[in-house]
Structures are given as structure tokens and as C-alpha cells.
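As C-alpha cells, here come the structures.
What follows is chain A paired twice: with chain B in the first complex and chain C in the second.
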Partner chain A sequence: MRTLIKLSPLLIPFCVLFLGGMVLAVAQSLGFFAPLEAEGGLFAAYSRLLEPPFLRSFGFSLYVALVSALVSVGLGSVLAYGVWKLPASLQKTATLYKVPLILPHIAVAFMILVFWTKSGVFASLAFHVGLIDSAGEFPSVLYSGNGLGMILAYVYKETPFVILLALAMLKRLDPRLIQTAVMFGASRPRIFISVVLPHLKPVLHTTFIILFLYSFGAFDIPFLLGESSPAMVSIEAYNLYFQRDLSNRPAAMAMLVVMFLFAALFIGIYARVVSRMEMRERKL
Partner chain B sequence: MDCRVIGLSKSLGGKPVLDNVGFSAGSGELVSIIGPSGVGKTTLLMILAGLESADSGAIEYDPQPSKDQPAILVFQDYLLFPNLTVFENTAFGLRARKLPRKEIKDRVSHILGYFHLQDKMRSYPNQLSAGQKQRVAIARAMVVNPGLLLLDEPFANLDRNLKLETAEFIRATQQEFGITTISVTHDLTEAFVMSDKIGIMLGGKLVQFGPAGEVYSEPATFEAAKFLGPVNVITPSLCRALNLAEAPIPDNCGTMYSRPEAVRIQADPQGVGVISQVNFAGHYICYTVAVEQDTLLVYSLHDGYSPGDRVDIQILKYLTSQRDQS
Partner chain C sequence: MRTRGKVHILMLVLAVCWGLFACAGDEEDTGGSAQAIDPLTAEWEDILAQAEGSTVTFYMYGGWAHVNDWIDTYVAGELKTRYNITLERVPMDAAVFVNKLLTEKAAGQEQGSIDMMWINGENFRNAMEAELLFGPYAEKLPNFQAYVDPDSVAYDFGFPTNGYESPYGKAQFVFEYDSDRVENPPRSYEELLAWVEENPGRFTYPQPPDFTGSAFIRQAFYAVSGGHEPYMTGFDQALFDQGAGELWDYLQAMRPHLWQEGSSYPKDSAALDTLFARGEVDLNMSYHPIHAQSKIIEGTYPETVRTLVMAEGSIYNIHYTAIAANAPNPAGAMVVADFLLSPEAQLSKLDPANWGDFPVLDPAKLPEDIREAFAALDLGQATLPVDDLVPVAVPEVPSDYVEALEKGWDENVLQ
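Entry: the complex of A and B
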């Protein structure tokens, strides 16, 4: 009891805001406390989520989240190793990589807009150096249905986060392990794959989960850079809740509940798979 | 591979670490550089391995180290790749050479068999004892057929009873594979057991280099002699007390001394020495004997003396060295 009292500054906000919100979302998704009386039974809202538009939206969100998290983790770990290997005199200059960390996501989204639209900076540059004859010839990076704009924004924003965490881990890597690998004639890719990556593995797993789930459920970047069809699930939920009639609110809540359950399930399965892989490695 | 080190010097932060170090290791020889901690032994190995560069001097190899015959340094803490099994650690250099899978398997299995590590093939480094880790590190080096094997403090992390056994094993392995080996260590007994030649490094300088027996019995300087073990300085007053008038005490800057094991004591009520301290040191007894104003250290197998006993003293062997002028 005394422990519970001591933990109350943490437990009370958690229970009221998170659990309270969750309970309300689940209740509304089931038709309770909804602004309009729900029709079609208890799980009507959930059955709407099995319709093709939502499934497409879910699949598209998975694809954007997976690609941006994978590219960020891959790029970030290589760049972190590069920064780690820099001479001490250049290490301070390399902290420039942190700049995107302090930029809000919305600012990054605007940067992507400014640079990559058909009337953006790169299109203009390409026109002026004669690579294209008109702005219309510039490749459709944004709004082309493949989520490239969002992926670019996420990679730009998330790669420094990976570098930050990977660098902290690399500080614990004995540089003589690299020297040993060099002595044995290992190439740079082999050193990275055989020595550096295994050392970074724990932090990369955690970072991947964080970035994947963030990109999967985030709203701001998809709001500016996302397509309308298929839309990211966060946008779909927003539209259902605010943009259409009140009868859609249970479906919007059902989406949010499914997103939460997916995140929890994803973490559980990911952790289990990683732990099994590591167990198998140990048993080899 | 022959290795000749010529006038190697290096400073770190303005402080000289190596000062004009020169020696040579012939093909198939095992050379040990001994010295206290912090005299630049590891820096010397790092330079020999090509991992650091010297400020001046040169290293001549014949033939030059190559991917087929590299110079491999086995670090003091072995530095096995923690995420790789014993098999994969040992195969690392062969995989880097992109050898066929079957050849890698055969060569690794053979070397691990030689090092008695077959049953540890699938173990990870954190599942091995210090001795096993060391064997894996040496096996990993040996399997790539190095031209020069460099061992940094090979006995530092081993239990005392394992050190001598390891020294004999390193010697036997080095002779079996015929690999030129340079080891740096501060474990004197092990260095003497396994080495063809010994170099003594003090204060960044190689003060003596030669065959193991010669270095021990004829130290080049008094400081080198002191590093190799306790010495009794034979002073003129001690000579008079022991009636050693004819003893050849150098009259210049030299010093005459003897090792504690070269001094014999015998119970004698009229003896000139008085036992002042008795220390049990395991396989011998260490006596401190007062002779007028001097003291002598004596190692003996006989444990029958007690403080206050009078003894006769006989010095069996004298050594004479110049004092280090630096």
C-alpha cells in the first residue's frame, strides 16, 4: 500500500490519461458513449475495418513505417560508425548531425515540400542546370502513391536519432577489435557486418521498434506529405472522427484500438523473434 | 620470417616511450622482451604489428608481411569477437581471405584439435576460461599461417599454476609451426622457459639483448640484474667481514653482487652472520642475514635456522655489472 502511495505521482496520471483514454476508446468503438446510437451490433465498427479501404490503408502504413525505419536504422548505423572512426579533432564538427533532431516533424515535412515538389528547390535547380526542360519533368517524389515524401521526411528526421543511440553504444566498443579484424585482413564491409553490427544489435532492435511504431502511427508528416488514397491509418482515423458524420466515430475509435493492439503485438512478437534468434545463435 | 628492429624511437605526449630500440628475431625464433609495466613494451608490439608508427627507426622484414604471411598481434586480453563462436573466431581470418568453405572447415578443425579445443567449437568467448580464450586467440592467429606472431603479455590473465604450462605450450606450438614469435611480458620465469633470446627493456631502452641463459647469468647493467631478481651487493666492508680480500671488486663505477640462491649458509656458533629474519616462500626459505652493517638475502632449502642463529657464509658465485649511467 505504501509503495502504491509512493508511486501515485506516476500511477494517477497513467491511470487517468492512458488507461482512462483506452477504456473510453474501447467503449466508444463498441458503441458505448458514442454521440449517436450505434447500429449493427457490438463489433460493427470493427467489421468496417475489414473492408478494403482500411486494409489498404493499414498495409500502406506498414510499408511506409517499415521502409523508413529500416532505411533510418541502416543509414544511421553506418553513419554512426563513420562518426566514431573520425579523429577526435573532427568529432565536434560531426555533432552537426544532431540538427534534424531539434527540428519539429512538421518543420521537416515543410522542408521536404520546399525541396522536393515539382515547383521546389531541386526541381528549380534541375531546370537551371539543364537537366530538365520544364518543372513538370521533375520526377514525382511527393504524392505519387508510393509514400516517398513521407519516407524521406522520416529518414531525415530519424537517422540522427539512430546515430545518437548507436554512437553511445559504439563508445563501449573496444577499437582494438577493429584493429584485430584489420590484422586478419578483413574488408571494411566484413568488419562492419561481423564486428560493428553485432555490437550495435541490441540498440538497433530497440531503435527499430521505436521508429517503426512512431512512423506507423504518426499524424503530422502524413498530414502534410501523405496521399489521400491510400491514406495512412492515422489520417484515416482523423478523417473518420472529424471530417465525416458522427456515426463514424466508433469506427475511428476502433482504428485507434487496433493500432494500439498492433503496436503491443508487434513489440511482443519482435522481442520474441529476436530472443529466439539470439538463442539459436548461442546454441549453434 | 626474419625481423630486424633498428633504432626505433617513439614519444607520446612529448614523453619518450621507446628510445633507440634495436634487436633482431631470426626465422623461427622466439624472442621475449621483458621489463616492468609502462616501459613501452606494448607500444613496441603495436609498431611491429603495423598498428602504430614510430617517430624514427626502421623495421626490416624478410620476407615482407603480406596477406599470405601477415604479422598478427595477440592482445593481452585476447580480443576474441564476442558474438562469434570459437569456430567462427578461428575461421575469421580464413573467411576474410575468401577461402573455400571446406578448406576453412578442415583447417579450423585441425588447428582446434591441436589446441585441444574441439569440444569448445560452438562455445562463445564468454563461456571460456582465460586459458581457453588464450588458446583460441593463438589458434586464430596460427591458422592464417602468420609470418610473425606477436604476443602481448601472454601470461597476464592466467592463474599462476597455468603460466608455466602455457609457456611450455607456446614454446612447443611455436616450434611445431616454426613461426617467428616476439613476446612482451613481465613474467620472467615463463619468458626464460620459452625464449631463444631475451631483451630487457627499462625506461624505454633495450638495455640488454641476447640468449636467455646469458642475459640471466651476465646482466649487462646492475639495473638489469636487479630487474631479473633480488641481488646482494658485495660491499668492501662485506668483503672484509667475509674475508674475501681477493674478491675482484671493480674500482670504477662497477658493482659486484651475487644472487640469493648463490649464497650458502651453514650453522656456526662462531659464524660472522646472524639470521635476522626468516620468511617461508613455499619451495624455498628466504633468510635475511646481518653481517656487521650489511645484510644478505639467502635462499635455502634448509628450514632449520631461527632469528638470532649464527651462521657461516659462503658466496658461490659473483656477478659484476656496470651501473646504468643514464
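Entry: the complex of A and C
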């Protein structure tokens, strides 16, 4: 009780702002406090989410989030190992990797836009070098329906985040483990997989969850780089909430509630799967 | 003793929070002098006196740099010198500020943060249905009484205005092309489909419910289903299904030949403007006939850009300003709305170097010299003469159709 009181300066704003928002979102998704009288029963808004358009955009969000989180974690862990192995004289220069960390997401989205559109920097470079005959021939990297633009932006933004955390973890790795592995004749990929990765595992699991859920629900990068159909769930909710008439409010709120439930469920399942895998490894 | 110290700190924090909330409450009271008059019944002189020295917040779409400039320099400057009113422009999409009003209403906030807004169509209907607007005030404005034909502004997308919004400008839908790149642009919706098939990847439209994209499909709706007349009397499901069926066929036939094979659409008209300016597409569209000329003056478009209208018809609409029901300064907002209707402001607004938005005044009611000033204004070589625009002008569809078309487009064309 005393701890609760001591924490109250933090807890009160948290309860009012966060929980209050949650309660309001759930209530509106069920048709209460909605600007217009809701029709069709308590779960009408949720039943709309079972239709194929929403399922498609849910699946698409999962795919974009999964690919960008996996690539970032993979690339980040390899690069972190590379930075860790650098001689001390180069370590300082290597801190350059932190640059994307300080860029806002929206700035990264603009960078991708400037470089990769058909009239962008790479297209005109390719044209001037003579790789293509007209700017229109440049392959459509953005807006081609496979989410590549968003994935590029997320990977660029998130890889340094993985490096940062993995590098901190590697500082605690005993270099003699690697020397021993070399003496036993282990190849470089072998060393990475059998020595470095197991050491990094806990931090990689955490970063994966963070990155996956972030890219799943974030709004700014999809707003600039997202395709029209299927759109990311966050964009669907935004469109429904702001661009359509007021009767769509419950459905937009239902989307947000589903996103939240999914995130909570995902963390639970992921943690359980990981702990079970580790149990099995220990038994071996 | 240590715990007591912490309790003190906690109390202090709470007190500071309380203080902040209280201050935030005070700040909202920006509305002019203290003596209360009811602007709906008061004499115009009293309204002017009340508005003197006050601040008016104007919430409006902020995506057009030249319009923002015009508001911030000409309008704000004139209001300051004439009425000593400070105008604060707040850039925000119409749907977003309607939403803000809804939230304020749900929270029971009697003095909101919005005085005036730029609004029309479905947003106006939404705001009216949720009773968010102040009025009826339009007919109290002296410039409205003097220069506006009330019949011409009685409806907004088929929804009666009833004096809850005052007219601001008039727009008509045009297509834009670069006469250097495209020699024979399509001049009807029929030709457009053929043109798009011959020039794959060189055309697209903003994704409805974007304002411009939505107007594009409405115009196509008229064109493929035999004109606007049948839809004017109100929503008819059977009529809609028949016309919409033909529209989806038309747009689906077009889709594979669009920019990015129709898998993605520009998210708004600004995004399409960029694609057009960078040469990724050859045709652009705008709900403002002078938009192209403004872009040429701004230097974004080459001088060879021209505009055209489709033979089947080109939608026009009137856009409005409205005052929030919980506006802190309704009297000031009425003075601003009245100023925007003055012949001087409407003339300045028509100048392509400023904004290039058509006036809403009735020419027959204007004094001779002002009418001549309007006629003498050079709208630029990219702008179609009024004689070309007027014969094809068709009215907007009632807003129930707008919603049905946007929803149908999602289900039948996008997916």
C-alpha cells in the first residue's frame, strides 16, 4: 500500500490517461459513447472485422512486421558482432551506426521516399549511368503492393537499435571463448552461430518483440510509404476514424482494441514458447 | 520524517498539476470583452464592438502553401487594420476538427478552442447532425445580405445550410496536363479510359475518401450512368446500385493500367500533385480551376501546363465557413466570415497569385466598378475561361451518395 502511495505521482497520470483511454476505446467499440447511435447489437463492430478486407490488412501487417523485425534482428546481430571485433582504433568511427537511431521515423520515411521513388535519387542515378533508358523503367520499389518501402524504412531504422543492445551484451562476452573455438578449428559462421548467438539470445528475443510489435502497430511510416490495399491496420483504423462518416467510429475503435489484444497475446505466447524451447535445450 | 517529506513532495506535485489544469482552463477564455451579448440577436454595430481587439482561431485545411500565405498575410493583415482582430490560423483537416468538436462536446466543454472553420459537404453534415455548429448566422452578415444570392447557397451537397455556414468560395473540377508532354489529352471520360489503356502507368487518382479523388469518382459516376439529374432528389438505393455497377466496371477496366498497376493510389491530392510535377504521371486533377496557374506562379509546374474539363460534365461546389457552437468568440468569427465575403477579399482571393478561388458573390448585385475589377483580373493562360467552365458545370451529388460511393469504391475497386 505504501509503495502504491509513493508511486502515485506516476500511477495517477498512467491510470487516467492510459487506462481511461483504453476503457473509452473498448466502450466505443461496443457502441457506448459513440457520436451516433450504434446499430446492430453489442458486437456489431467486431463482426465487421471478420470480413476479408480487414483480415487481409491484418495479415499484411503481420507480414511487414515479421519481415522487418527478422531482418533487423539478423542484420543487427551480425553487424554488432562485426563492430565488437573491430580493433579499438576503429571502434570510435563505428559509432556512426547510431545515426539512424536519432532520426525520427517520419524522417526515415521521407529519406526512403526521396531515394527510391521512380523519380527519386536512385532512379536518376541509374538513368545517368545508363543502366536504364528512362526513369519509368526503374523497378517500382515503393507502392508495388509488397510492403517493400515500409520494410526498407523499418530495417534502416531498427537495425542500429539491435546493434546498440547486442553490443552492450557482447561487452560481457569473454573473448577467450571465441579464441578457444578458433583453436578447435571452428569456421566463422560456426563461431557466430554456436558461440555469439547463444550469448545474445535473451536480448535478441526482447528486441524482436519490441520491433515486431512496433512495426505492427505504428502509423507514421505506413502513412507515407504504405500501399492502398492491403493497408496496414493502423492506417485502416485512421481512415475509418477520420475519413469516414461517424457511424464507423465503433469499427475503428474495435480495430484498435484488437490490435492491443493481439500485442498482449503475442507477448504472452512468445514468452511461453521461448521458455519452453529453453527448457528443452537444458534437457538435452 | 523521511516518509513525511515524501508525502509533502507528493502533495506539491499534485498541487502543481492542479494549478496547470486550472491555468489551461483560464487560457481558453480568449473571447474579447467581458460584457456578453448574443451575437444572433444583436445589432451588427454591437457585434463589431464586441469583436474589436479579440482573437479568432480559424481551423482550416493546411495543405496548400499559397492559401496559407494568403490567410496569414492579406486576410490577417486586413482584419487587424480594419477591426483590430487577431486571426490565428490552425492547419487541420476538416474531419479532424469536426472530431475535435465532438470530443469537446462529449466532455461538456462549453468554451471550446475553435471559433471558425473551413468546411463543406459530409463534414458539414456530420457537424450539423451532431449539433456542433453555431447559427443561423449567415443572413446577419451585411456582405451576405448585399451581395449573395441566398438560393445559390441554400444547399451544401444536397444538405440544407439553413444559415449555419456562410459561403466562402466556389470551385470546379478540372484536369491538368503538360501541353509539352501530352499533345492530345482525353477530353471525355470515354476517351480517358482509352487513353489510360494506351499509356499504362501514366494516370492515377487520389485514393477516395480524399476530397479530390472522391470528386473524381463522383464525376465518373455521372459520366457512365447518364448524367447527374436522376440523383438530385435524394438517395435511392436501386438507382445507386444501377449507376454504381457501371462505375465499378469502368474503374476496374482502368485499374490495371494505372500508376503502379493500381495496387496503390496517391493518398491525397498533394501526393498526386507531386507525382505530376515530377513527371511520374501525365494527367493531374484539381477541384480548383486556377490551381494549375498558382502552381506555375509558384514555380512547381512548367509554364506549358494547361487545364481541361471533361465533356460529360464537371462538378462544381461551394465551400463555406462555419462557427463552432462552443466558440469562445462567435462575434469575432462572424466579423471574419463577413470580411471573407466582402468584394475586396473575394477579388483578392480570385487572383491566381494569391489563391485563385472563384467568388461566391452574385455578379448582378455587385456595383459596376467591382464587377469590372473582377472581369479585368488575369487568371493566367493555364486557366480555362469562364465560358468554357460554365456550360459543363454540374452540381454535387447529395452527401448520402458520397458516402455510398466511397464505401463501394473500397469494396469493388480497391480490394
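Here is the rule we go by: the second predicted complex is superposed on the first by the 283 of 284 C-alpha atoms of A that agree within 3 Å, B and C clash if a C-alpha of one lies under 4 Å from a C-alpha of the other, contacts with A are read in each partner's own complex, and residues count from 1 in each chain.
As a convention for this text, a residue touches a chain if its C-beta (ideal position, glycine included) is under 8 Å from a C-beta of that chain, and two chains touch if they have at least 3 such contacts.
Here the structure is a predicted model, which means the values were calculated and not measured.
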Three-chain arrangement built on chain A, chain B and chain C clash or fit: fit
Touched partner set for A:Pro198, first chain B, second chain C, both or neither: first
Partner chain in contact with A:Glu227 - chain B first, chain C second, else both or neither: second
From chain A, separation angle of chain B and chain C (C-alpha centres, steps of 10 degrees): 160
Which of chain B and chain C A:Phe184 touches, first, second, both or neither: first
First (chain B), second (chain C), both or neither touched by A:Val78: neither
First, second, both or neither for A:Pro35, with chain B first and chain C second: second
A:Asp174 touches, of chain B and chain C: first, second, both or neither? first
Partner, of chain C and chain B, that touches more residues belonging to chain A: C
Overlay on shared chain A, then closest C-alpha pair between chain B and chain C (Å): 43
Chain A residues contacted in one complex by chain B, in the other by chain C: none
Residue ranges of chain A in contact with chain B within the complex: 174, 176-177, 179-181, 183-187, 190, 194-195, 198-199, 201, 281-284
Chain A contact footprint on chain C (complex, rising order): 3, 6-7, 10, 13-14, 93, 95-96, 99, 102, 106, 122, 126, 129-130, 201, 207, 209-210, 260-261, 263-265, 267, 275, 278-280, 403, 406-407, 410-411, 414-415
In the complex with chain C, residue positions of chain A that touch it: 2, 5-6, 8-9, 33, 35-36, 52-53, 56, 117-119, 135-136, 140, 143-145, 223, 227-229, 239, 241-246
Parts of chain B lying in touch with chain A, wherever the complex brings them together: 49-51, 67, 70-73, 75, 79, 81-85, 92-93, 95-97, 122, 124, 140, 144
